[in-house]
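Presented sequentially are two complexes of chain A, the first with chain B as partner and the second with chain C.
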Partner chain A sequence: MAAVAARSPRGRNPIVAEDRRAGWVFVLPAMVIFGVFIFGAVLFAFYISLHDYKLLQKGGVWQIFVHPGRTWIGIDNYRDIFNSGDFWIAFRNTSWYALGVVPAQTITGLVLAVLANRKIRGKTFFRTAFYFPSISSSVVISVIFLWMYSARGPINYALIQLGFPTPRPVWLANPRGVIAMALEKVGIDSVSVWLEGPSVALLSIMMLNVWTTTGTMMVIFLAGLQNVPGDVYEAAALDGASRFRMFRDITVPLLKPVTAFVITIGLIGTFQVFDQIWVMSEGGPAKKTTTLAYLVYLEGFRQGRGLGYASAIAVILFLIILLLYLIQRRITEEETTR
Partner chain B sequence: MNDELLARRISTRARVLAPPAGLALALAGQGVRRAGAQDQPTVRLTGWTSSDAENKLFAQIVQDAQTATNVKIDYQPIPSDYPTKLQTDIAAGSVADVFYLDSMPAPDFMSNDTLLALDSYMSEAGVKAEDFYPGLIAAFQYGGKTYGLPKDWSSLAMVYDKTALTDAGIANAPANWDELKAAGQALRDKTGEPRINIPPDFARYLAFHYAGGASVISEDGSQITLDSPEAEAALTFYYGLYKDGIATTPADAGAGWPGDAFAKDFADIVFEGNWMFPFLEDNAPDIQFGVAEMPAGPAGKATLAFTVSFSIYANTKVSDAAWNVTNYLTGPEGMEKWTSLGLAMPARPALADAWLAKFPEREAFLKTGEYAKPWQLGVGGQAFFNDANAELQNLFAGGQDVKTTLQNMAKAAQNRIQLQPK
Partner chain C sequence: MAVATRQIAQPRSAAAGEERSSPLDVVLQIVAYLVLTLVAIAMFVPFIFSLTTSVKTPREANLPLTLRRLFWPEHLDFTAYQKVFDADIGRWFFNSAFVAVIWVIGRAFADSAAGYAFARMQFPGKNLLFVAVISTMMIPGMVTIVPKFLILKQLHLLDTYGALTLPFLADAFGIFLMRQFFESIPVELEEAARVDGASRYRMFAQIILPNAMPALTALAIFSFQGSWNAFLEPLIFTNSPDVRTLPLGLAYFRQQNYTEWTILMAMAVITTLPMAIFYLFFQRWFVEGQVSSGIKG
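Our next item is the complex of A and B:
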């Protein structure tokens, strides 16, 4: 071929080499953007987490590169974080959040996907309707829920119409833990802060989050369901298996890799929750909706201990998510090799 | 096939080359624009706005300032999360030349060389610190230098529904804590629900704290004095109004803030600022309301003065023009025009009489100038404010008692506020 005949004395085809160069030039913008704004930002966050750096630093941010010795404090930020009450409050809030939201959105998403996968009328309508909250702006949804949860909002109105007694519950202003409240009813008054459960305010935001993310999970499960071969169901039907048996013994096991994926992105999403909190509760009441991501914002941008300290929390948050991912992957691998 | 490859090479090269050429053109355009702007300096000005009406009114004042100072002003308000935006802009060096600065976080900015010291400009222009209320200008002084001139101010007073109080048989607005409690009881007995609205918010409670004779920081600035017997009495009174069902909170009433509860007729007595006038005019024009000074506590009358300055960025390239704009907006002419719109009170005592003649019904707010304490607690005050609110919210939810709340608040103050002994 002509192109092969045109090889240069060094054995390289100049046209291919040029194409390769062109290829690099084409991916360069994406690589630069990724390198600077994602990879660079991550490294920078880790670097300043070892410094006493505030946004309003004397002389600006370049000081910590020009004179790193002046602001270098080693692991002091990390030590202070583990000694501060706020970190553990935020850690508890975030853990309850993930513990409640991830199972709820996974199970609801799976059930909705199975239902929406059946040959029923208006299937497309239901799929769209369930998916709609996921693609709407989370700020808009949060503002709507803020109104729905208000003391004289539609939720309390519905409760009163259904015969529940007044006084109206103030959903987003109640910092009491739901487990502690339930235990109080049966006569147990004092309970460890770790077992108080999510506050009523946090639970309200959790319910909103389940409602918005279930649609995404449903779509992922729906995609997974397309890969489940239909003849397995046919064989099971011939053997006289009930619908529930088929769901339990065919659908759920065959969807295991998909479920693992859904749980992983669910955990990552819940540990990073920020926008709903920012709009609806600003971390209150009594810090009971302050999540780790919101604590990063408070300490970094609201005249708190500074961006260095906030970055250290972000690094810890990253390690927590990484650890959860590794544990989850280990479990799934064991399941598949068994 | 060779031709095909050649065609690809050319088009590849053309595409690779095209963006830089376009970029060069764009840069050239920028250069031309920048050169043209050098003749007349442009001062970038930013602030926050609480309403469209305020935005429109302020844009009008900016026009006047432009004419008076012969400086082109580029006014770009920040609609939300102002403190965050301001700080990141300062860190990036891209902040506006002149900007609003709230008194509470001001020390954090002043202590870090991010603002231009105005003293030399002031003496050159003949502007004296004594031209302003001492408490207001002091909020923007740090280490013997002045870093901002107060734009205006507002204080807390008691806003009450005249009709509701008359209906409940209360002849005069309550003037002290006992009368306030009695009025609250009378209103509750009349209507069957709490009609005083108080939030678990340190920016309201602090006025009662001061009226009770308590303090946050000692006179000499050397220690935190937040937890004291006086403080316990003050917080017991404030929280007691809520606990005894005489008062309620905005959240319980189904409102965003006490003024909102008042406008929606969920409350008859609230403790708010001068901003209630434009707010009620827009949202509840039919309510007949009066304004009285804050009810006096065991230590007499007390209230908070909220003020905002115009400050200049330390590294501004147009410092002279920025000063001219600041001086106009805080000067007698600009301040008179701005405050005559009725959103806030003049920070210059010399303008007080003319303002009062225009707004006689707001006398109770202006009177507080004699004793109002500035809303400021030193470097770290803003961070402490966030913590203090969380403690008050926990108290109001029944999560802890008054004593523990004060102890926790004192601990938060120790952690957050940088004491500066005098």
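Our next item is the complex of A and C:
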């Protein structure tokens, strides 16, 4: 006790001085991992995207730093990417994917959360059930859905029993755009590739994605709803507001920050979809399920144009996600300050 | 926890709702139960299908479906499970479990130490570092896959357990989770220790960590889940069957044996079962961890 008193004669906290060093000691193990495999890796990703570096490049990786001139090609990778058909195919597929999945999982997640937030029994059971797909392995889910989508699988079986037509070729083998198919029904035969819509194959994977992630979104919305104070609704009810108006004018605005978060993680998730593609379709048929993340894999680690080129696609993917995040944040901020 | 207290605080509004229990309310209530039940069934049914298909004979698995066949096989047949073990699933299972344990231990140590420093200690560069750590949560795994591959290659760790564990021994989400928790425990605990002349290191080991079991449990669960389900990194960083994990083994097996549905489903069941049991015991942790990370982040 006496020693402590002597070290801090004016009641100064000896811990504060110790912390200046101890703080770094505490974060050191984590920061070594981060420094190499995350911070370092991000910078390295930008750097190598300016090189022509092959998967089986001879010599140690360090050479890229010691003799950068041997592989340096500046922005050539980026120029080649924007001139390549495959990039735009993958960009189109990924955009349709996000455009379909993000609104679908956000809306179903919100609706389910509103329903589960009523005075009902078994709330925990529903929450447990809805969240279960989120904790399961993406490979397992892909294999199960592969069977469900197969020609003699339960999805076709259900459609036939209910008297609906089944797609031909079967779901995951079908490269036709869904919007193009719908337009054909009304007599419009040719549309630009940009407006064909996602292929039936991609749509199959999109539905699987919505099935998997809706539960996560619902759980997040449910927590947000429980933060909305009950007396706001009481006051509105006294003023004679209808159910629908209360939902539109109270629930939805109060859920804005939660919705923004759900959309952000939705965009980040959908723009990097990979596992399902690898297991279910390998980018086919006719490249109609090749997404940007899958293209990174193909170009870098399959018979593609190498790691530098793949890394450049990955950087573009990162910038797209960043841009979408910033746009989304701008919109949310404008609406809350208004 | 916060969620639970708010639920208790709610009856006021619920009571207000009951006063004007109109026909509309009754209809809405029925619709709510109906929709929630149907969706709950939809969430479980694919897993039930995988279980029922795994115990069919291969012949029956390729017959056209009937409603009965969908939910119960004509002849219970466990040969798929025998064949699964011939395909070396025991090895994959061991690898998955071993790698998961390393992830859990590494993160329990690195994430909690870093989380504690960010919550309670003042050191130069702290705020900048914390923002940097948190913002990496937005970076897709695909962006860093090429550099990680090259770094591991240079360290001669490709195709070893090292590649499956070393890059994952700390993570932003875990650091964030632990920091949130440490900020919530009362400072008095540490002040008492300080009076006794304990250093930060002793304080952390003897007082903070033993009191952090709830957060460490959540962290362990998320780490286990992340490791158990990881696919992209094992796919890129490994090649030999010796270090193959369950998702990777299943994915390769399906690539080579396209329509061996009974075996594929048996593998799916074996891969899912440990997670499912874990989840049923700890479901509160899973869901609330997701929520706290979501709302406060």
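Definition applied: the second predicted complex is superposed on the first by the 312 of 338 C-alpha atoms of A that agree within 3 Å, B and C clash if a C-alpha of one lies under 4 Å from a C-alpha of the other, contacts with A are read in each partner's own complex, and residues count from 1 in each chain.
Heads up, the rule we're going with is that a residue touches a chain if its C-beta (ideal position, glycine included) is under 8 Å from a C-beta of that chain, and two chains touch if they have at least 3 such contacts.
All values derive from a computational prediction rather than experimental measurement.
Once the two complexes are laid over each other on the shared chain, residue contacts for A:Arg152 go to chain B and to chain C alike. By the touch criterion defined above, A:Trp194 lies against neither chain B nor chain C after alignment on the C-alpha atoms of chain A. After overlaying the two complexes on the shared chain, residue contacts for A:Phe44 are found with chain C alone; chain B is out of touch. When the shared chain is aligned, no partner comes close enough to touch A:Trp72: not chain B, not chain C. Of the two partner chains, chain B and chain C are each touched by A:Phe301. Set against each other, chain B and chain C differ in how many residues of chain A they touch, and the higher count belongs to C.
After overlaying the two complexes on the shared chain, residue contacts for A:Val61 are found with chain B and with chain C alike. Once chain A of one complex is fitted onto chain A of the other, the partner contacts of A:Gln272 are limited to chain C, with no touch recorded for chain B.
Contact with chain B, but none with chain C, is seen for A:Pro285 once the two complexes are overlaid on the shared chain. Contacts of A:Asp19 after superposition: both chain B and chain C are touched.
Chain A uses residues 1, 3, 15, 18-19, 22, 25-26, 60-61, 152-153, 301 to touch chain B in one structure and chain C in the other.
Residues 1-2, 5, 8-9, 12-13, 16, 83-84, 87-88, 90-91, 93, 105, 108-109, 112-114, 200, 249, 251-255, 380, 382-383, 386, 389-391, 393-394, 397-399 of chain B touch chain A in their complex. Chain contact summary for the complex, chain A toward chain B: residues 1-3, 15, 18-19, 22, 25-26, 54-61, 150-153, 167-168, 170, 172-176, 283-287, 298, 301-305.
Every residue of chain C that touches chain A in the complex is listed here, in rising order: 3, 6-7, 9-10, 12-14, 16-17, 20, 24, 28-29, 31-33, 35-36, 39-40, 42-44, 46-47, 49-50, 53, 62-65, 70, 109-111, 113-114, 116-118, 121-124, 126, 129, 132-133, 136, 138-151, 153-154, 166-167, 169-170, 172, 175, 194-195, 197, 199-201, 204, 225, 228-229, 231-232, 235-236, 246-248, 250-251, 254, 261, 264-265, 267-268, 271-272, 275-276, 279-280, 283, 286-287, 290-291, 294-295, 297. Per the touch definition, chain A reaches chain C in the complex via residues 1, 3-4, 15-16, 18-27, 29-31, 33-34, 36-42, 44-45, 48, 60-62, 111-112, 115-116, 118-120, 124-141, 143-148, 152-154, 157, 211, 214-216, 219-220, 222-224, 226-227, 230-231, 233-234, 237, 243, 258, 261, 265, 268, 271-272, 274-275, 278-279, 292-293, 296-297, 300-301, 307, 310-311, 314-315, 317-318, 321-322, 325.
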